[in-house]
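Order as written gives the chain letters A, B, C and D; numbering starts at 1 within each chain.
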Amino acid sequence: MQDTLKRIHENKIFEWTVVSVIILSALLIGAKTYHLPRPFVIFLTYADIGITLFFLVEITIRFIASDDKRNFFKSGWNVFDTLIVVVSLIPIEDSEMALVGRLVRVFRVLRMVSIVPELRVLINSLIKAMPQLSYVMLLLFIIFYIYGAVGSFFFNEINPVLWGDIATSMLTLFRVMTFEDWTDVMYETMGTYPLSWAFYLSFIFFTAFAFLNMVIGIVVNVLEKENAAHERERLLENSENKLTQLDQIQIELKEIRALLKARQ
Amino acid sequence: MQDTLKRIHENKIFEWTVVSVIILSALLIGAKTYHLPRPFVIFLTYADIGITLFFLVEITIRFIASDDKRNFFKSGWNVFDTLIVVVSLIPIEDSEMALVGRLVRVFRVLRMVSIVPELRVLINSLIKAMPQLSYVMLLLFIIFYIYGAVGSFFFNEINPVLWGDIATSMLTLFRVMTFEDWTDVMYETMGTYPLSWAFYLSFIFFTAFAFLNMVIGIVVNVLEKENAAHERERLLENSENKLTQLDQIQIELKEIRALLKARQ
Amino acid sequence: MQDTLKRIHENKIFEWTVVSVIILSALLIGAKTYHLPRPFVIFLTYADIGITLFFLVEITIRFIASDDKRNFFKSGWNVFDTLIVVVSLIPIEDSEMALVGRLVRVFRVLRMVSIVPELRVLINSLIKAMPQLSYVMLLLFIIFYIYGAVGSFFFNEINPVLWGDIATSMLTLFRVMTFEDWTDVMYETMGTYPLSWAFYLSFIFFTAFAFLNMVIGIVVNVLEKENAAHERERLLENSENKLTQLDQIQIELKEIRALLKARQ
Amino acid sequence: MQDTLKRIHENKIFEWTVVSVIILSALLIGAKTYHLPRPFVIFLTYADIGITLFFLVEITIRFIASDDKRNFFKSGWNVFDTLIVVVSLIPIEDSEMALVGRLVRVFRVLRMVSIVPELRVLINSLIKAMPQLSYVMLLLFIIFYIYGAVGSFFFNEINPVLWGDIATSMLTLFRVMTFEDWTDVMYETMGTYPLSWAFYLSFIFFTAFAFLNMVIGIVVNVLEKENAAHERERLLENSENKLTQLDQIQIELKEIRALLKARQ
């Protein structure tokens, strides 16, 4: 039976069916955001149950078909898929749970990522880039924290909505970093502290530098891997090609020596 | 006759005439957007007929001059040119058609791209870059779709103009991505959901990452091709240069062995 | 006398004096934008005359010191310097000329660029990058022109201030490209044409692509030159190093053959 | 005693304690920006004294543990740490000093950078990049200065808040460069000078070019260092590998010659 399910699971038609059902579930979620006539709403409810059951069957097939059942839940994607299906099975009644149910249905669209390998590669590259960027992010956080504290101390009484406490200040600084109406924020504080433009300009300079550092870090890292792979290939090809000629020369020389020795 | 037309078609003066007429047609379109005195409007109408006829003659010459008439319409640029000319010939009467006629006259400016090879290269590079970027775009679409659905579920009642349905939500999210008055959108929803800043910040983070991925993907791809071409050239040059010296050594060794063998 | 002036011109102290006077002239221009007490204004007038005379003397020394007087005015920087000095000499009386005189005094700051070689290199790199980028700029202009014409045809009656004629439309589109309150522009036209978001999004997509192309073009060009210089150096070093060893082997082989031949 | 303190200083637990205390001091600063109940405020005061004393002890240990006490204050980081501790010791009484005391406590968070080596590397890279970028920054400053002076001359009477003097004008231009409501600034001056759009567009063009130059400069510089390190490694590896084979050939040839010579 495992073999049969394996064959089903590896079948191209099965794969495309899963992708189609995920797209269908995405369309249903989109449709729900519109005002719909009553019969269509009822149809959506049944379609939703159908999709939940299909996903349940699919994950079961995948589990039975897998050779290494112990490590099945060690893969983050499998855990994610199972969780989405299990939570979908919980009957939605009170409004609190309805919200969770709705969110779970939205996250079903993410199953697209767990099915299409090319998308999985993109997400993995994000996760891989994370630790490498962590120090730049820590530096960025320290910059935000210091400027947030200073901003909160000085500008708190000017506009408590923007500079009330350190968390609010950091959100305001993120806004300044995106250049979103940042001059309005600046002109307001310049009324009390005329030199506060230096606060904003230095903040923009430091964050821009940290971001530039981050982007360059990623580019250099990508190119480095690229170059390393390229170089390895080149060396292999090169050595096969040239060393053999040098090898032939060495063999030739050994034969010449052998000839000379033989005649002694 | 085909040869005569071919000579005309390949003539530098003919080429420059075509470019000049395209620029003239562009200027006429620009002129139409201003309020003009009556005689000038009449002149524009005649100039427009003249340009249409010129384009008709030019495409006919190009068609007759081409050796491979079967594949003439296999080139997208030829189909585009012919379509522009044919639709221009339809007489403009009712206001519906007038609009189409006007648009076709605007798209005549694009003939500039079909005539100047350097511009054609740029457009082709766009078309070539498309499939390679399709997965990043799909990921970006999934991010937009999920955030659009979540935004529509939660913020629908706060501001239906911005979050009414999933399509409107996605347009609002595009606006957030461009940082256009995004804090106004955020502060409004933070009135009801104080933690909704996390929604916007995570969205900005994910889209920025996907975009960065896209840009780096293009840069790496361009540099890779560059390097590959460079490397191929280098290898060729290198092998010509060095292998010949090694070849001379091998020839020399063979001669020495021949000398030794001859003396045995 | 030419030699004396040459020695003066090449003197480090003279060079630094020129730079100092340029900085002083820049400070005077800055000072003029503030409300100043009367005695200081009179001082500024005399200082201005002093700077003009100094520049006159400096350019005269430079002209007499130059060996190749025929080609002196073939250098754009010399023409620029002379022009600035000559126009400064025209007495300022009526208000029309006063404006020109003021502008000329502002452009004196640019003499900084003509004096400091490192800045001249930066400006030259801009001028050199120009032709190479001309096709991307032409493509960008065509995109702006087509969207400007279409925008003017459709949105003219909605808001003539933004879409009145093709020039105004192109300015509005530049604004959209910089994401400056672009949603306000879009929402206005979406009131009449609900699908006009496609107009803006496609425009943003095309211009973003063209810009990306431009940036990548510059980066690749810079890296290419970099790599070419690097490679040339590497090849030189490599050939010197390795070929000599191969040369030694060939010399050795020739000697061995000579030994063998001598014994025959 | 120096050895004991050295062992303490190099102890992993001691290092982590220092990091923890810095994080705690950061949290205290953040907490102070919120409205807190009275007992918590008193607790904060004592915690602050505790942190100051801890830092005093830590810096004393570091000083005594250091072998080269003469050069201890030659390191910028040590001077920074000592300064932070010393200023913290000054009792806060009048409101003037309270502000300085508060700021010093905020800058304690920067001690994180002086402790974590990875962050120190990032900051050093900023300091190292400075001189290399100085000419681009000078060019950028000249562009700002010229446009600021011109803007102040022409637009002074239109809006003195934005164009009152050269310093204000340069701040307004920085705002234009970040695209923050720049069209509002432009439309206002276009009311008096209809061609002033050229002023803004040319400014945006020049600053964008200078910035692009700066970014490309950094990227090329980073990649160059990368390539140089890579190349050096490659050459080393290459020469070890190939030269030994060529060396073997030379040794072989010498033996052959010796054989031939011996038989003469």
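Operating definition for what follows: contacts are C-beta pairs under 8 Å (C-beta built on N, C-alpha and C of every residue); 3 or more make two chains touch, one makes a residue touch a chain.
Computed from a predicted model, the values in this text were never measured in an experiment.
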Interface residue identity across copies chain C, chain D - same or different by half: different
Between 0 and 180 degrees and rounded to the nearest 5, what angle rotates chain B's CA atoms onto those of chain C? 90
Taking each chain's C-alpha mean as its centre, the one farthest from chain B: D
Nearest whole angstrom, what separates the Cα centre of chain A from the Cα centre of chain D? 28
Multi-partner residues of chain A (each touching 2 or more other chains): 179-181, 219, 223, 242, 246, 249, 253, 256, 260
One finds touching chains in the pairs A-B, A-D, B-C, C-D
Residue ranges of chain D touching chain A (in the complex, touch as defined): 26, 29-30, 33-34, 99, 102-103, 106-107, 109-110, 112-113, 116, 118-119, 122-123, 125-126, 171, 174-175, 178-181, 215, 218-219, 222-223, 226, 230, 234, 241-242, 245-246, 248-249, 252-253, 255-256, 259-260, 263
Residue ranges of chain C in contact with chain B within the complex: 135-136, 138-139, 142, 145-146, 148-150, 152-153, 156, 164-166, 169, 179-183, 197, 201, 204, 209-210, 212-213, 216, 219-220, 223-224, 227, 231, 239, 242-243, 246, 249-250, 253-254, 256-257, 260-261, 264
